[in-house]
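Look at the two complexes coming up: chain A is in both, with chain B in one and chain C in the other.
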Partner chain A sequence: MESKETARDGNQNNRDHKDQRRRNNGTKQEGPKREAILDLNKYKDTQIKVEFIGGRQIVGVLKGFDQLMNLVLESVEETLRDPEDPNVLTKDTRSLGRVVVRGPSLLTISPLDGSEVIDNPFVAAEVQA
Partner chain B sequence: MAEVATNPSVDVTGKQEEVTISTVLPLEIIDKSIGKVVTVLLTTDKEFTGKLVGFDDFVNVVLEDVTETDSEGNTDGPVKIMLLNGGQIAMISSTED
Partner chain C sequence: MLPLYLLNSAKSQPILVELKNGETLNGLLTNCDSWMNLTLSEVIQTSPNAEVFTKIPEIYIRGSHIKYLRLPEQTMDYAKEQNMINMEQRNKNQNRRGGRPNNNSGNFNRRRNDNNRGGNYNNRRGNSSNYHQSHGAGDS
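Let's turn to the complex of A and B:
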């Protein structure tokens, strides 16, 4: 009687294991929750500079974002480039208003506050050399 | 301008939830722009302005009555309707609110 009972328990255990295995196969093995490399919450409602693959450059106030680094920016100003040489930025800007930025074409994001443009430190070095 | 959805029922422990709820989701903004005139700026210096008909997860977009503009301001079109591949899209700007 007792042995029968344990046998049934054993079966039950076996089935549980199988269930478990099936479930594991069904769902992807997930490690610890993946966190974004950069916490953009820190920059919410502050001005950030965004550069794109291809060379466009904008400045805007960060309003929102998602896991894929798509961004929502407001009061966006795009820095226009020299039509003759697209690598050269001009001082001209144009307003784009509210903009959704696509994550996949993003190159860099940086805060405007605490960043400053410095003179090219290598120019002097070249002259010396 | 942008409405931030605040949900008082969110508990403090749901940190992830807090993040997704308190920020404006980009795809939501695009969704709200359907039926309105938008400017799609590519990673190249081309731009497409037209009425947004729809988009998918890759943000491939369908535009109606589209004019294409290059960096020198030359325009092309209008094209009645077009599917624009999302791979080259850098920004989508809603011209009207």
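Let's turn to the complex of A and C:
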């Protein structure tokens, strides 16, 4: 019985050691890039547009977030898509109110302020050239 | 030449990103991470049917949904140049420390050196997964 106990203790120590080594190894591989590449603090209490994997698009006021990029949005409006062609957005929206967005299903995040629909800029460039 | 290393050296340059849904984004690469998540600035977003064009000051893109990236032609040369500089730096460091690289060096340096040695990187990965396995065996 006792020997079993010590054996398990030894195992535990061993495991801890390995655990630590693995962790050290991990940080070495990842380098200093542990922090997010986007600072969401600057978007707090401003309107942002969020696109989801699968194609849904919403606009809402950013109230909170975490390091996994889960978001808390308020006064959310979803932009509805054409039922025939899901690539095409319609002018219709629906209100969702307060929403928690799951980080892993995010596709893009962009600020609404300063965004605008423009004419095809690439055709113009070709014509000029 | 590692893809992520090339991408890293394309920072602040104009790139084109096409997402899996067919959307394309033209903009300056501001930052990227090891998952290929990107932040672009001064972006023009084109819808999948190439009908709607949107100007966006900044955008964050999930790396797992990128189909491909187009980088400027010079990026490769620039990356090679950087690679050479880093190699020289590493050799200097090695000599100073009597053939033991990376000891006590800052995080930044360590990362750069890792990037230069693709083979070692893989070896380490193998090791770390071994740790995983043995760890799992200990549990059962």
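Definition applied: the second predicted complex is superposed on the first by the 88 of 129 C-alpha atoms of A that agree within 3 Å, B and C clash if a C-alpha of one lies under 4 Å from a C-alpha of the other, contacts with A are read in each partner's own complex, and residues count from 1 in each chain.
The definition used in the following text is that a contact is a pair of C-beta atoms (placed from the backbone, for glycine too) under 8 Å apart; a residue touches a chain by one contact, two chains touch by 3 or more.
Computed from a predicted structure; not experimentally measured.
**Q** In the overlaid three-chain picture, which partner chain does A:Ser110 touch, first (chain B) or second (chain C), both, or neither?
**A** second
**Q** Just checking: does A:Gly64 make contact with chain B only, chain C only, both, or neither of them? Give me first, second, both or neither.
**A** first
**Q** Between chain B (first) and chain C (second), which, if any, makes contact with A:Ile53: first, second, both or neither?
**A** both
**Q** Go through the superposed model and pick first if A:Asp119 touches only chain B, second if only chain C, both, or neither.
**A** second
**Q** Between chain B (first) and chain C (second), which does A:Lys44 come into contact with in this model arrangement: first, second, both, or neither?
**A** The first partner, chain B, only.
**Q** With both structures superposed, pick whichever of chain B and chain C touches the larger number of chain A residues.
**A** C
**Q** Report, in rising order, the residues of chain A that make contact with chain B in one complex and with chain C in the other.
**A** In the superposed arrangement, which is not itself an observed complex, chain A uses residues 33, 53 for both chain B and chain C.
**Q** Spell out the residues on chain A that touch chain B in their complex, using ranges where they run on.
**A** 33, 41, 44, 52-54, 56, 58, 63-66, 70-72, 74, 76, 81, 83, 86, 96-102, 104-105
**Q** Note which residues of chain A are touching chain C in the complex, please.
**A** So the residues of chain A touching chain C come out as 11, 14-15, 18-19, 21-22, 25-26, 28-33, 37-38, 53, 55, 85, 87-89, 106-111, 113-121.
**Q** Across the complex, what residues on chain B touch chain A?
**A** 1-2, 16, 19-20, 23-27, 29-30, 39, 41-45, 59, 71-72, 86-95, 97
**Q** Please give the residue numbers of chain C that touch chain A in the complex, ascending.
**A** Within the complex, chain C contacts chain A at residues 19, 21-22, 31-34, 37-39, 43-44, 47-49, 51-62, 65, 107-108, 110-111, 114, 121, 124-125, 127-128, 131-132, 134-135, 138.
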